[in-house]
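First chain A sits with chain B, and in the next complex the same chain sits with chain C.
== the complex of A and B ==
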């Protein structure tokens, strides 16, 4: 039998969840409402999803976003996993400094980082565009990948690798049969983080996107400021479903909160 | 130096080199370049040679409008952080100490899910709820039919609501992690020694979860001070913040040196506040 205080706290937790989800649910629901002015009563219609399918600008922005997120995931996961391996396997001078250097990209407001990239890229001759956006996204994703893969490596049983080597496995065989399978959940978790960071990134992309070429969040920001139509609800709903799908996948590989 | 050492060195360099070269080229060099530009009298966009000046930092102080914006942004950051703590801490406590087993895992996932959704989309969602005739307005009229129309979209409270909604999961997450680490037997011991619930919370649980509270506060305060998108979408002209002024220097007026100076004044202010609060926080934690 739970005490009154405990039951009150649990009820309160549900209230907080309501606060977190109500706006998102309202937004999603309005994407299925026929009225262009978000007027009620609710009248179910898929018109905004049909309009969206015919909106070449939004579709192109969506393709750019997915393309950048995929490229970002591949690059950030590869480079981040390598760095995490070095941190886990070797003791060397300057290691703490390198690890501390992972804080600024996460802790400094994106507004400052994004505008600084704009200035520096202009200076060294990298034009605003998809390449510049990708460069920025990888920088933001790297610290997440290094930390997530590093967490997996911290629990890595080194002895198994040594045993394989003692039993005559070549370094390549050891890597393929022992190291890679044990490391896989960490790498996949890191990759999903990298994908989510890039796919949801607005601020950096906003400063590095040239007129004409944009990513989905940048396009949505423009639409919100110009006066939005429920098409934006439709695409926002799709974004949320994709992002949450990615997180649920992450959760499968990486048990949050469940441990202990 | 032995051969093995040298081979290790090569491996370390090969493994960490690419990631850190990338970070240098896209984070550390750009920040240095921006600091440098903030001391130039002409924007790099102008083809003429530029010389050293302090005028952009002087310009920040010369007009009262910029220190005022700075103050508003710091106030906004503090307000959002306090609300996140007041709302988030009890929720984290419920999650860590009351809910058990598979329910806890499911609820935990529900808490972190929204912060994996796009911040822009979440902010946009609030315009649906807060606009006149929106959900909040209609809900109030169901409860109190005679109430005046709710019109808080494009206002300061709307900005605070949007930012609290965006950052609340960070606070719940960090508090949850440190609350979960508190051994239940410690709580049991305090209880059996006669601690009342309020005392238990104030003297035992809260001090022990202070690292999570501080981590969450820092994670929220810094980006909230630097926010520009939420004030613009939810605040209209009434939610002025320094972040909006910085954004304009890069997107509207193309005055990069001044924008850079504003950015570094903001970073310095945030850093100073964190440094000033650090010893206070440490004394609290050591005093356990």
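== the complex of A and C ==
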């Protein structure tokens, strides 16, 4: 028998979860309802998913989003891991300043960063477009990768690399068989962060996208302004499923990393 | 089996001298203990032999061959680290197999040698475990098997038993000694634990501030320390200072600063010279002092200030003049001597050792 306090707390938790998930569930459900006006009774139909399949603008935007997110993940993870290694293993001038400068971009509103990037890119001659969006996303996701990989490196037992060397492993063998596998959970965690930051990014993409080419969140925003069709529910449901998938993967790798 | 020679090794870190010209010979098959306080250079020397530290001057030879330019992975050494440094993402068997796999040995040979090595350290049956699923002692055995399975020329141990509790440490000392003898490998180990150094080593070297203050078999270093530091670091010692009054035929009479006389063999002393004599606590006899009794040579009067009972022995602290002397007694009979008692301390002149202050 639980105490009253414990039962109240459990009830409160359920209320919070309901508050968070009911709107999402309603939206997802309406994506499967035949009525374009969200009218009840519920009439199961895949019409909006079929409509979506024929909507070239949304699909193109989706392809852009995925492409940018993948490219961003590769670039930001590679650069971020190298930076994290440099911070963890080498002493150099300005190290502390650089490390401190990593955090403010996480805290500054994206609106401000987006405006600044737009002005700066215009000034140095980078036109609005996919390249500009990608550059913006890489800049945004780098601090996340550096922090996540850095956390893994902070607990990395350096002596295992020395042990590998005494056992006859060349520096490359040591990296491939010892360092990389031990760091992998951190690197994968960082990569998932980079993907999520890019795939869900609206503000920066909105500022840096030229008319005609755009990413999924920006296209959805445009579509909503013209009129809210259940097609949007369908694509949003897909995005939520993908994002949740990424999140669950992250959680899995974090636990994996925490064990060591 | 190999012989290791270190010749005039010098290493500085900025202004700190880690090694100030150290020369040592590690004979084939010997278990050699490097003993000293932290920062005395013993670990630096071990890491220089492993190849992690590049010497500023001097050479390291294995079987007469200078290995100065040889990278760590090509030196064919085995090393056990303070916290074992097992690979956390590999099983016990994979940890042990690693050194054989990077040498590209055939799979059947790797398996056979891993099996032998785990049998030698008595870990058969735990092949599939991860390091974190093992106790401290088991991790230690894995580390030892991993270091020996590649048949290295030299085994280097960095504070090998430091992370274990006392009971397990004694058990592992015996085990380590058994395996080292069975394999017959030249072994160099670093420790700051004097008991461990005495128990394990064929020879020891005592380090102080980047120099070796004394080197030799444990019993010789313990019984005939050359410096006050060596006497105090390896075991406990009382130090009696005094001045040589007379010397004839190598036998000196010393007037002690705490009062009384000592008679002992002194080779190089001349009359009038100040000397410091070391005396081990277990070599002092004592008895209740009768009133009016005058102490003879190698005797002093004192008053017991502390009695510490520790099972098989009792430690007494005795105020002698301005000085406090420490002595041990085996608990053969119940002790009747309590703090405040006047006692007469005595010793044999053979047990006084002149040391440099």
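Just so it is clear, the second predicted complex is superposed on the first by the 250 of 260 C-alpha atoms of A that agree within 3 Å, B and C clash if a C-alpha of one lies under 4 Å from a C-alpha of the other, contacts with A are read in each partner's own complex, and residues count from 1 in each chain.
By definition in this document, a contact is a pair of C-beta atoms (placed from the backbone, for glycine too) under 8 Å apart; a residue touches a chain by one contact, two chains touch by 3 or more.
As the structure is a computational prediction, the values presented were derived from the model and not from experiment.
Once chain A of one complex is fitted onto chain A of the other, the partner contacts of A:178 are limited to chain C, with no touch recorded for chain B. Judged by the number of chain A residues each one touches, B leads among chain B and chain C.
Of the two partner chains placed around the shared chain by superposition, chain B is the only one that A:203 touches, whereas chain C remains out of contact. Contacts of A:21 after superposition: chain B is touched, whereas chain C is not reached. In the superposed model, A:92 lies in contact with chain B only, and not with chain C.
Using the contact criterion defined above for the overlaid structures, shared-chain residue A:164 touches chain C, although it does not reach chain B. Overlaid on A, the two complexes show chain B and chain C touching the same residues of chain A, namely 260.
Residues 157, 159-160, 162-171, 173-174, 177-178, 181-182, 259-260 of chain A touch chain C in their complex.
Chain A makes touch with chain B in their complex at residues 2, 5-6, 9-10, 12-13, 16-17, 19-24, 26-27, 30, 38-40, 79-80, 82-83, 85-87, 90, 92, 98, 101, 104-105, 107-113, 115-123, 135-136, 138-139, 142, 146, 196, 200, 202-203, 207, 217, 220-221, 224-225, 228, 232-233, 236, 239-240, 243-244, 246-248, 251, 255-258, 260. Those residues of chain B whose C-beta lies close enough to touch chain A in the complex are 8-9, 11-12, 14-16, 18-20, 22-23, 25-31, 33-34, 37, 44-45, 87-88, 90-91, 93-95, 98-99, 104-105, 107-114, 116-122, 124-129, 131, 133-135, 138, 165, 168-169, 172, 176, 180-181, 197, 218, 222-223, 225-229, 232-233, 243, 246-247, 250-251, 256, 259-260, 263, 266-267.
Every residue of chain C that touches chain A in the complex is listed here, in rising order: 50-52, 71-79, 81-83, 85-89, 98-99, 102-103, 132, 146-147, 150, 156.
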